[in-house]
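Two complexes are shown next, each including subunit A; its partner changes from subunit B in the first to subunit C in the second.
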Partner chain A sequence: MWHLFTKSFFNMKIRKNIAVSDSGFIFNPSTGDSFSTNPIGLEIIQMLKEEKSKEEMRKTILQKYQVDEATFEKDFYDFVSMLHQTQIISQDEEKKN
Partner chain B sequence: MKKRKINIAVTGLNNIDSPGPGIPVIRALRDSKKFDVRIIGLSYETLEPGLYMHDLVDKSYQVPFPSAGTEALLERLRYIHSVEKIDVIIPNFDAELQNFIKLEETLKKEMGISMFLPTHDQFEERHKANLMEFGKQHGIQVPFGKMIFSTAEIPSLTKDFTYPVVVKGKYYDASVAYNPEQVATYFNKLSAKWGLPIIIQQYVFGSEVNVTAIGDGKGNAIGAVPMRKQYITDKGKAWAGISLDDEKLVSIANKLLASSKWRGGMELEFIKSAAGEYFLLEINPRFPAWVYLAVGCGQNHPEALVLMALGEKVKPFKEYEKGKLFVRYSYDLIVDLKEFETISTLGEL
Partner chain C sequence: MSKLPYERPVIQRLNTGSMNKFGTRTEYAPVTHIENVSVKSLISEFGSPLFVISENKIRQLYSDVTRAFKTRYPRVQFAWSYKTNYMNAVCNVFHQLGSWAEVVSGFEYNKALKNGVPGSKIIFNGPDKTDDELTLAIRNDSLIHIDHLDELYRIIELAVELKKRPKVAIRVNMDVGIYPMWDRFGFNYENGQAWDAINKIILTDKIDLVGLHAHIGTFMLSPQAYGVAASKLADLAYHTKIKFEKNIEYIDLGGGFASKNTLKGSYLKGSDSSPSFDDYAEAISTALLNAEYTKEHMPLLILESGRALIDEAGFLLGTVIANKRLSDGRRSTILDFGVNILFTAFWYDHKISPAQDFSHYTEDTVLYGPLCMNIDVVRENVTLPPMKKGDQVVVHTVGAYNMTQWMQFISLRPNIVLIDTNGKTHLIRAKESLDTLNSQERMPAHLSSFKL
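This part shows the complex of A and B:
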């Protein structure tokens, strides 16, 4: 898990074949797993899809929602770790931001 | 396009908690755009639900159990054919396949009935007991396995295996055992039901993924649809599943169909490890009970099988829909006693 907090963590990319609906339903056709996320999670996923940098995502969320920086950092790492565990983002398709 | 009228006899009508593939195969044939099918159900027992599904099965006949041998089966099929003029038979049980394979030529010559089955050698080499050898031959990873014939062999299993292990019956059923005592319990249970040997296989951690596939017997893969079980019954059967976008798995299936020159339908059962490796657990030499998912995904494997049985060339399917689910359900058929009486006494309904 520690590697997720290193630089490579920020190079991760949403897998190409992941289907994300407007309602926040996520389907991974490679594993058959499906998940639901709340609107903020969906927003982060959309930003990851658009290959936004972590800094851009941080700015967007802090501007848009009433959240302090420390809480954002913690929740963001938790969320992205979960995306990694569920194979929604992949190390194989890393991109240098 | 005008549909061709055809009479097809199908076995495996036991649509129960461990369902036979008969009903899904019939549904696939009823969906065919090429054939207007009359379905003749072949049953072994009087409570196989397919017997009473008159919207799917036009007429049913009881056939002798596989243990009665080929002569008894042939005699019964002669009678059924004299009434029904069967064009194609699709057997759907592992245990009956050997008899049908032996009769394939006779049925064709004597009655003009076509089948599209694996050869005797193909049927034998993919057996659970021979699977490791099969894997080596076709370049596919298979978990280490061993046949045992007595409970006296259980203590020494630790030389070759680390627990947990999978204890498998000769034809059906498998249980995961975490210690020698559990192996002994499953050994007794499975050997009483299916006979010997019992197969011990190294347990591989991962998710179970299956493929329904069909080959033309010349090394061409006609179709393959991979699926992950999403809801599993206590018998290990899929009660819901989803088609996967898994090119690697499809290419393994195609490779196996090509190198084994598999003839007919088959189901491949794999474990995908956390590292993304695929281990072949089992090959079933017929369509699985979830074959209708392939139809839902755009590949009608039973229709392709009938075309090939009739000697026609079939173009391989190129695509299938990913992320399509099947969800199984149970349904209470209400049956008049008269129907039960008819099949029980006359052997046909």
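This part shows the complex of A and C:
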């Protein structure tokens, strides 16, 4: 099912100046917004920061948590949409990549 | 190595300055059991959605309300308001506890009779009573509460025809200082209609005026309004005694006590803002005790409280159908019950709890029902943990009106289960099926077939 996502959707990078703490606190200095995320959200954000591939992220989560592939896929898609909406992933930086 | 429990990834914007002085809401504490019966097992046995009624809670609420009134006023009688919840099992819990029946239609009247309530302990309210229903009520010595002059004249005619003296009260509406004033039912106090009706009844001498009744509104947050109503009824009773030397046997202050639900738009939660039974009892009993009665002629105080005695005993269990993201980024969750069976979602911000453990992360969520109708919104905004398809929820304080005002619309009405005082479950109303509905329909012969 992962192939259904557009290439540009996965061609994404966390904005470089985003600060992420180990407890899931996120600060975006460009907008002044702060956010909190849960441990799985934090794990995904950290993997995005480390520029892990979509396949690596999928494998990591499925191996570690009690979740089926379809559920994680829906949730991952939704979560990344929220990262776009909250400008934690920037459109500009996506284009540069 | 065993895998860790999974939770949907969530990200929530942190807003400073948006908390009120009561701190963050904690409605998302999971509720996994009702009266020690697990939500999971209830849904697995009886399906989802499912109404659950706690007999323990009904008995506890009844005990609370009777203690509040009987410790303040010597003669108190409760009458169960059938329209609030007329499941026979629920009615019989109240009848076992000593409640009479208060009904507002012929259908409810017959329900009470079939439940075994003696006719003389049925209070017959409402503006619509047919000749047949009035005749039955007169023959049974029921307490007929007259709503309008047309009804009064008809009862006088029936009394002559049946050669029997009906026992009646008049319903009185009045200004008790609240808005909106309910003046559509009964005879007005301030403009003299009520006093005229009393005079007509007594001077005609065909029917017995035994009581005076008022029902000042619903979900009344001001106990003092009941004090005003009690004073005005006591005043009418006093003048009846002075003019006709006739004692009014009872004063019925109706219902309308607020439950612990939270009205839409309310700043405080219902559990913090609704008056207690003691508040209502104090206002009413003080007014009656201060009225012009001799000790021998203190009237019986009848109360028809419904909502406050059953709302908290009712729960609605349901299941998450799907999650979706709205255009503005809000999370929306679709549940398998909507306003068709949770009618009170139009009035209340119902407390809704997840039925399984979650972490402390939450999301602002809109809760929708399953109907393909835009009005089907269970909560416009609620903070809940991330729930996934198949997770279960518990809606609290749904015992009043939902099981009587529910609609057969788009989907069918579900099972209702009662948990008794020993924790045993009983199906008290079976869910509807297509056959339930089709059995009431008739097909004209010329429409019985078609070709497509």
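Just so it is clear, the second predicted complex is superposed on the first by the 89 of 97 C-alpha atoms of A that agree within 3 Å, B and C clash if a C-alpha of one lies under 4 Å from a C-alpha of the other, contacts with A are read in each partner's own complex, and residues count from 1 in each chain.
One rule holds in what follows: a contact is a pair of C-beta atoms (placed from the backbone, for glycine too) under 8 Å apart; a residue touches a chain by one contact, two chains touch by 3 or more.
All figures in this text were calculated on a predicted structure; none of them were measured in a lab.
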With everything superposed onto subunit A, say whether subunit B and subunit C fit together or clash.
fit
Return first, second, both or neither, reflecting whether A:31 touches subunit B, subunit C, both chains, or no partner chain.
first
After lining up the shared chain so the two structures overlap, which partner does A:44 touch, if you call subunit B first and subunit C second: first, second, both or neither?
second
Anyone got the angle at subunit A's C-alpha centre between subunit B and subunit C, nearest 10 degrees?
80
Of the two partner chains, subunit B (first) and subunit C (second), which one does A:17 touch, if any: first, second, both, or neither?
first
Partner contacting more residues of subunit A (subunit B vs subunit C):
C
After lining up the shared chain so the two structures overlap, which partner does A:71 touch, if you call subunit B first and subunit C second: first, second, both or neither?
second
Closest Cα approach between subunit B and subunit C after superposing, in Å?
6
Given the complex, residues on subunit A that touch subunit B span 17, 19, 27, 29-32
The answer for subunit C against subunit A in the complex is residues 3-14, 323, 325, 329, 359, 361, 386, 388-389
Subunit A-touching residues of subunit B, taken from the complex the two chains share
207, 227-228, 230, 241-242, 244-246, 322-323
Tell me, which parts of subunit A touch subunit C in their complex?
26, 33-41, 44, 63-67, 71-72, 75-76, 78-79, 81-83, 85-86, 88
